[in-house]
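After this come two complexes, each holding chain A, first together with chain B and then together with chain C.
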Partner chain A sequence: MTGERLPPVQGEWIDRETPVCFSFEGKPFSGFSGDTVSSALWASGQKILGRSFKYHRPRGIFSLANHDINAMMQSGGVPNIRADITQIRNGMELFPVNTWGGLSRDRARILDHLSAFLPVGFYYKAFYGKRLFPYWERLFRAMTGLGRVDFSQPRQFTAKEHDFCSIAVVGAGPSGLSAALSAADLGADVVLVDENGHPGGSGHYQRGGDDSQWRTTEALWAKVLAHPRIRTRADTCAAGYYADHWIPLVSGQKMTKLRAGAVIFAMGAFEQPAVFRNNDLPGIMLASAAQRLIYRYAVRPMRNAVVLCGNSDGYRAALDLLAHGIRIAAILDFREADGSGSSRRVQDLGVPVHFGKCIYEAMPTADGKGVAGVRVARFQGGQALAGSGLEEISCDGVAVSVGWAPAANLLYQAGARMLFSTTLQQFVPGAFPQGIFACGRLNGVYGYGDRLQDGASAGQQAAAFLGYGECGPRPRFLEAAGPSHPWPVVPHPSGKNFVDLDEDLQLRDYANAIQEGFDSPELLKRYTTNGMGPSQGKHSSMNALRILAHYTGRAPGETGTTTARPFFHPVPLAILAGRGFHPERHTPMHEEHVALDAVWMRTGEWLRPEYYRSAGLDRAAAIQAEVRSVRQNVGLIDVGTLGKLEVSGPGAAEFLERIYLPRYANLKTGMTRYAVMCDEAGTVLDDGVVARLSGDLFYFTTTSSGAAGLYRELVRLNTLWQLDCTLANLTGAHAAVNLAGPKSREVLGLLADVDLAPASFPYLGVRQGRVAGIPARILRVGFVGEWGYEIHVPSSMGTALWKALLQAGRAFGIRAFGVEAQRILRLEKGHLIVGQDTDGLTTPFEAGLDWAVRMDKPFFVGKRSLQILSRTPPRQRLAGFVLESPLPGAIPEESCLVVQDGSIAGRITSIACSAACGAWVGMAMVDRELAAAGTAIRIRLASGALVRARITALPFYDPGQSRQKEVPCD
Partner chain B sequence: MTSPTPVRTSPIPGLLQEATQAGGGSMILSDRSLGNRLGLKGRHAAGFLETSGIPVPDRPNTYRSGQGLLVLRLGVSEFLLEGRHPALTRIGAVAPGLHPFPREDCSLFMAGTGTGDLLRQTCSLDFGSWDPESRSLALTVLAGIGVTLLKGAFQGLPCYLLWCDYSHGPYLWKTISSLAMETGGYVTVPSGSAGLPDGKGIFPAEES
Partner chain C sequence: MKLMDCPIHGKRPISEFLYGGEIRESPDPDTCTDGAWADYVFSRNSVPGIKREWWCHVPSTTWFVAERDTGAGDVLKTYLYGSPAS
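So, the complex of A and B:
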């Protein structure tokens, strides 16, 4: 391996025995197992890794930590993988996103020269005018967007799981390791999470030319691994914080919802860039990125470096560069002095150090794709004194170390109160919510030993919070020097001094936005789009805040911050969606329907046969055949989806009186009655049948989709009413079928031990007995308008019942029928379906259910509203209609509008072709004036054409009820 | 009129009938849907059970076992009884404050190392920290449906009894079996097979 690969480095993450081959823009590359895409490319000499979002400027490694998006790539069908943190695999085919013609020849790089025409707020201003809105929209859609979605990719089903622990520690750097160990030592069950594949955080790569801190970190990690009460999750990001210590942990494979008793945030800090002209050239990177390259991947970040400092960390980074043979042309320090031992060591090694200096601008190479040197100016009073002469220093890279911003996003989300420390020049926690703790750099503690101590203390506090041991007050640490420079910003008249690299935002964009009045953090963020790119402000928010404070004459602590919301890192949609659960319910006879070649439809969660395929018949013909079977012989339908409830006790009748509109106190034992209920507003809510099985025991049915919700509501009502009765939900415990047709009695007679003679088992009667030896409740009801029986049996015997009935009915031409045939049959009979022929506003008076409303009852749900409604005629009525001269292709569908004098006068709720009536019949909710039988109406088709129909009295079929009963009912 | 002997069918008939192995088999699954089961509600339900000599859990969301019965207290006045006991035949029809009703549940026995992963992916409760000695049961949501679940121990491994609505049985089986395949495979054992607990041995010993 040649190029920029260093000799073996202690603790490197790569496996030099395992080479990995991949391609980038069609060219072959290789690296080692453990390399990320960025590190492998950099090691091979490929320094341009991407193009910027707006100006298409060349970009290289900047943070090497997913804190910027300079290197986002398309890998096959997967868009926007983060090259900094994505490991290479053999055969990977990678392409940069957001280029027009490849990295080197990106045609959109012309935009870099047009930046003067794309000022801050350009998008918003472009959309001011309606006329050009479509033009801009199309242009922006064509120009923007990262990555390409490949719709042919197979859907990924990722797991989503729950996990639990006493204490979650987020971040496995020195303080996080220390916190996990101390909490676990006290007895807590700890989960330690880190976004990297290897632990240690900055303890691994910020060595200052000395391996002792790394060795200490490694020793801590070994203890963690051996600890029986610590579970570790590497390569996992804590992507957000939700109430009650709920944290979504996102790995490459899945999301885990971790519920913890307490949370310790030890997420460290993001290194922040300095703002100077051309600070985004490939080769200019954060010092921590250079250190990561060296210690994680053994890659030389640059050969001839300039180090730009605003703190002592820069000198430690310089020592790391020197330790690996990298020449340092100069160290430039914004400050006038540095008292750390590191700076003295650097100077002792002969490195020229320039205090009070800044980079005025970086000079690009001739091709503009790298850095050739820097122009240095005196930095005084927060200004670069460019007029006093600029010194030029040649280099091929710049390592920038000017400050840190705490990785406090989750801490904000958890509700911690953050205060700005002028000493540290960063926000630190001022007050924590219950069970939330922080340590390390996030807590404003920077010294290595201090971080270990701070972590241990946080671990003890969290453990004590959960009752494991006791702890004293948290130790306080004093930083010798502020780790962050208060103003690492160098204005330049020609701009291109970037603050937010995601969005290509320059310093003057902020000045202009503030001048235009967007002078609060939230407004500034939205107008400039600072922090709204994929890296979510990790490298830009702190500098933006400093700039806002600077231009508005305030301290950063006075400006406040923007709101931190989940997710902290972008989460792939496949992971976010995870595995979906879509419950479905089968009736006990499901397999029998499968055997009969049912075509399925969903009714709520239920799967029901819509109809059964029949050889040589299309859908309509098959349904008509089922209808014909019921009208002429006998049919069998599975109605097990009906809600089936019981209420018992001395207060049972009173309970039913209150929930339903009709009267039930006078219902005789052994009889059933139609049931319809309203809500408090008098809106029809549900219907069914109530059967009185004995004095204090009623069995009643509800609509299929309403059963679960209705049962909950009934339980709630009886909790309020405290009637002496008990409710039980038997919906799943009972199978039910409807045996209907003129020969149904003969079929049932072969199997039932109940006297089916009309005199002893009249219409609307209910009997308990056995059918085919199965204990059954038999209700003589006629939803489809024929002689029929609804038979309810235990679910486990539903299949046996179904088979027995089909067997017994074979000689009578029995046929299973589905929901569509049932809908036609009931429509012919004029029976409404709640939810189809009614809607969320329909009253019983509108639905033609006036006869069911018993206003003489002292109370029922909705009575007061219905009393008020009854004072005026209903605005609309449900009415039957028959199409006049129906033509093929001109048949209205449900929900088609009834039109009268050019206005909407109603809508179709049900329509079907009735063989029994020899016509297309339907029901429509129409204006009251149109509801009288014989009225001509016009229905508008989806095409806009109008068809004629005539209102007809209901029912369409057997108005004398002669087919479903032989003796008058009570 | 004919009176054939009624045949009961499980919501998961295939699982009941055959011993199968899918994948590595880190989980034992058994269909126990056709067990003898009864629901009992009403203000006198607890009193009736006590006077019948049936062990009564002293608070909701707990269970007791003994005398061939598993008694789950699902609420202040609601019980699920599973097994056979002479007193159950005396319940018969409803009486004031006492409402017996049929329970036709889908019920599964699950045991093995794979159960932890399975439950973590389908339910938000922390079963890992549950102590079987507490005789706790959960009325919770698993894979989007309402279930009753209790934890025991079987041959030194965690095991669970699960009840859900009969109609959800096929969905639950499809969901559990596919997840089990991802977490190490499963073995199905016909209910009542030798070596499979019928309730005894997986619950903590009763004090009386």
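So, the complex of A and C:
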């Protein structure tokens, strides 16, 4: 392999014994195992890696630190692979994401010449007018967005893991390694996280032409690996900080939720670019990117370099370039002097150094795809002194080293207060929340030895916070010279001096936005979209703040900063979705329903049979057959989803008196009574049946959906009331069925050891006995309007009960029925379903439950509100109706509106075709004036057409209740 | 995710808990005015400060009292209703 690959470099991450072949835009390329897409392409001489988001300008390597968002690739169905950190694999077929017709001849590059027509806030301005909105929307949708989603990709199921430790250290650079070791030495159990596959951070690649710091870092790493109390997690991103030291760790295909006792942030700093015209040409990169190329991948970043400095780190980078045979045409320093040893060494090596100079503009090669040289201007008082006859220096690359911004995102999220240090020209932590610590460059400490000491001190402090050892005050470190230049910004009349490479934002965009009044960091960010691209401002926010401060005459510390929110780095949706945990509940008879070919419906978390498929019958016919079976013979439905509660003790009757509207103190043992409860506002909350099994023991049911929440609320109420009774939730412990129909008594008589004669087991009675040998509680209730029994048995015996009843009922034409049939049956009886026929405001008076409200009780929940409500007639009433001339295609649905004189006068809550009544019947919540039987109403269909109906007294079916009771009512 | 200190089960993640509202004294329903009752039923005090609240550890249905600084988002203490700490 020729090209830009260097001879072996100490500590390189590539394995030269294992070549890897892949393709890029259809052309074959190769690299070594351990190469990233960017390093392999760069080593092969491919310098254009992508096109920029807005202007489609050619872009190469910029930071190589997981934020090179102009070098994103599509690989098969996977979009937006970051080329700067993704390792190549054999057979990969890569395409850059943002080109129209390939990198070289991207047709959209014309946009680069139209930039004058794309001013700052362009989206806001374009979408301001209503008329052109659709036009712009179509255009933007076609132009924007990165990568292509392949919707045929199968769903990925990823794992989520939980982990715990005493101290989490984020960042395995010099200070992080040192912190982990000192904390673990004191006895703490430490997890050390780093986003890279190899540890060491800047200790690996910022060598200054001297390997000694790297060797020290390697030795620390060896100690960390050997330490019994340190667990390391490489290739792992700490994606955010959540309350009480909870950190999502994202790696490969999983997320680990790490709970720590304390957290040490040692995430270092992001190198920041200088702003000058054409600072985005392929070949112009951050000095740290050049160092990463050399030391991680043994790739020559450039052959003939210009180094642009605003700090001493630039000279150390220059030494790294020189050590690997790269010629340095010149070093340009924004400042007037540099007193560091590195600068003297560079000058001793004969490299020309120009102080007080800046790059006025970079000059592109003839094809515009690389850098041919730079034009140099005097930089004085924060100004470039442009003019004619500027010196030109030829080069094929520029290494930029002007400053750093702390990787403080998680520290902000944790609630640390950051202060701007004028000496350091960066934000440093001012005050920490409990259990949060920072060290290294994030803490404003830059010297290599200082960072080791700072890390050790942070480790001791965190350990002491958790009770391991003691620690003194943190040492203070004074930087000799600021590591960041306060104003590495060079205006140019022709622009293209980029501040944000994600969004192609130029210096003048900021000036214009500020002039238009967007002069706070949050406003400026949203208007310009600075920092809103995939790298989230890691290389642009600091310069944006400097620009804002500069144009508004403030210091960067005075403008404030934008808010740092999770996630620190984009997290794939598949990892957030995890394994897709949607639990569902099955009743004990679930397999029996499967065997009967049930069609399922979800009610809350329960799966219930909607109806059972029947040969030769469609859905409606199958449901009607189930209804007919109940009305004519006998049917069986699984009602195991009902809430099933028990309250026992001397205070049990008093408890029920307080929570429900009717009376229970006078309920006889062996009898049941309808139960309905309200909240404090007098709104109907739930209903069911209360059965008194003995003086102190009541068994009661609630709606299926309300069970869990209601039980919880009842427990709270008794925590408050402290009545002498105990509540038990038997919902899961009991199975329940309803056996209903004129022949139900005969069927049950074959199996039960209870006397079913009406005289000894009357309507609304409850008996305990055995059914098919199974201990059972039998309630004689009539929800569906026929003679019937609700039978409750232990869950483990639910299936046996179901089978025995179907077996015994065979001779009587028994049929299992589902929820839909039950809804029709109960509607024919005018029985309401709480939550369907009532809503979050319905009072018992509106629902026609006036008879259940017992104001003579001293107290029940909602009584006072109902007293107030009872003084005025309810605004609306639940009423039955019959459709006058039902035509196919003109049947209203639930929620259709009742319309009177052109205004809304109610809504349909239930509707069904009743074979027993020979009509479409329903219930509607209508205005009081319309609620009287015989009133004609009009219902508006979804299509807008009106259909006629007539209000009818409830129930529609068997008003005398002769079918469910032994003695007809008079 | 926050941790909540259940008086029975100790520190557990907040996802296991349910907020049950501020603990408020009900006026005497037999003697208070309609206005006072309506205020009790419908009005809530959302001014940040130290509040006594109902919280429930859902898996065990354990109700308890948490004193919380709703301005800072800090749980100050938790105890069972009616215990000496209240």
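Keep this in mind: the second predicted complex is superposed on the first by the 963 of 970 C-alpha atoms of A that agree within 3 Å, B and C clash if a C-alpha of one lies under 4 Å from a C-alpha of the other, contacts with A are read in each partner's own complex, and residues count from 1 in each chain.
The working rule: a residue touches a chain if its C-beta (ideal position, glycine included) is under 8 Å from a C-beta of that chain, and two chains touch if they have at least 3 such contacts.
Everything numeric in this text was worked out from a predicted model, so none of it was measured.
> One more residue to check, A:D244. First (chain B), second (chain C), both or neither?
The second partner, chain C, only.
> Just chain B (first), just chain C (second), both, or neither: which does A:F581 touch?
After superposing on A, A:F581 lies in contact with chain B but is clear of chain C.
> Give one of first, second, both or neither to describe whether A:G749 is in contact with chain B, with chain C, with both, or with none.
Only chain B; A:G749 stays clear of chain C.
> When the two structures are overlaid on chain A, which partner does A:Q515 contact: first (chain B), second (chain C), both, or neither?
Neither partner.
> Tell me which touches more residues of chain A here: chain C or chain B.
B
> Return first, second, both or neither, reflecting whether A:F859 touches chain B, chain C, both chains, or no partner chain.
second
> Taking the superposition on A as described, I'd like to know which of chain B and chain C A:Q153 touches: first, second, both or neither.
Neither partner.
> Take the contacts of chain A with chain B and those with chain C, and give the residues found in both.
Common to the two interfaces on chain A: residues 257.
> For the complex, give me every residue of chain A touching chain C.
242-244, 246, 257, 680-681, 711-712, 715-716, 719-720, 722, 729, 859, 863-865, 868
> Could you list, by residue number, the parts of chain C that touch chain A in their complex?
Residues 1-3, 18, 20, 29-30, 32, 34, 37-38, 40-42, 54, 56, 58, 61, 63, 73, 81-82 of chain C touch chain A in their complex.
> Report the residues of chain B in contact with chain A in the complex, numbered from low to high.
1-11, 13, 33-34, 39, 41-43, 77, 93-94, 96-97, 99, 101-105, 117, 120-126, 128-129, 143-145, 165-171, 175, 182
> Which of the residues in chain A come into contact with chain B in the complex?
Touch list, chain A to chain B: 159-164, 257, 259, 579, 581-588, 590-591, 606, 640, 646, 648-650, 694, 696-697, 724, 726-728, 730-734, 749-753, 770, 772-774, 794-800, 804.
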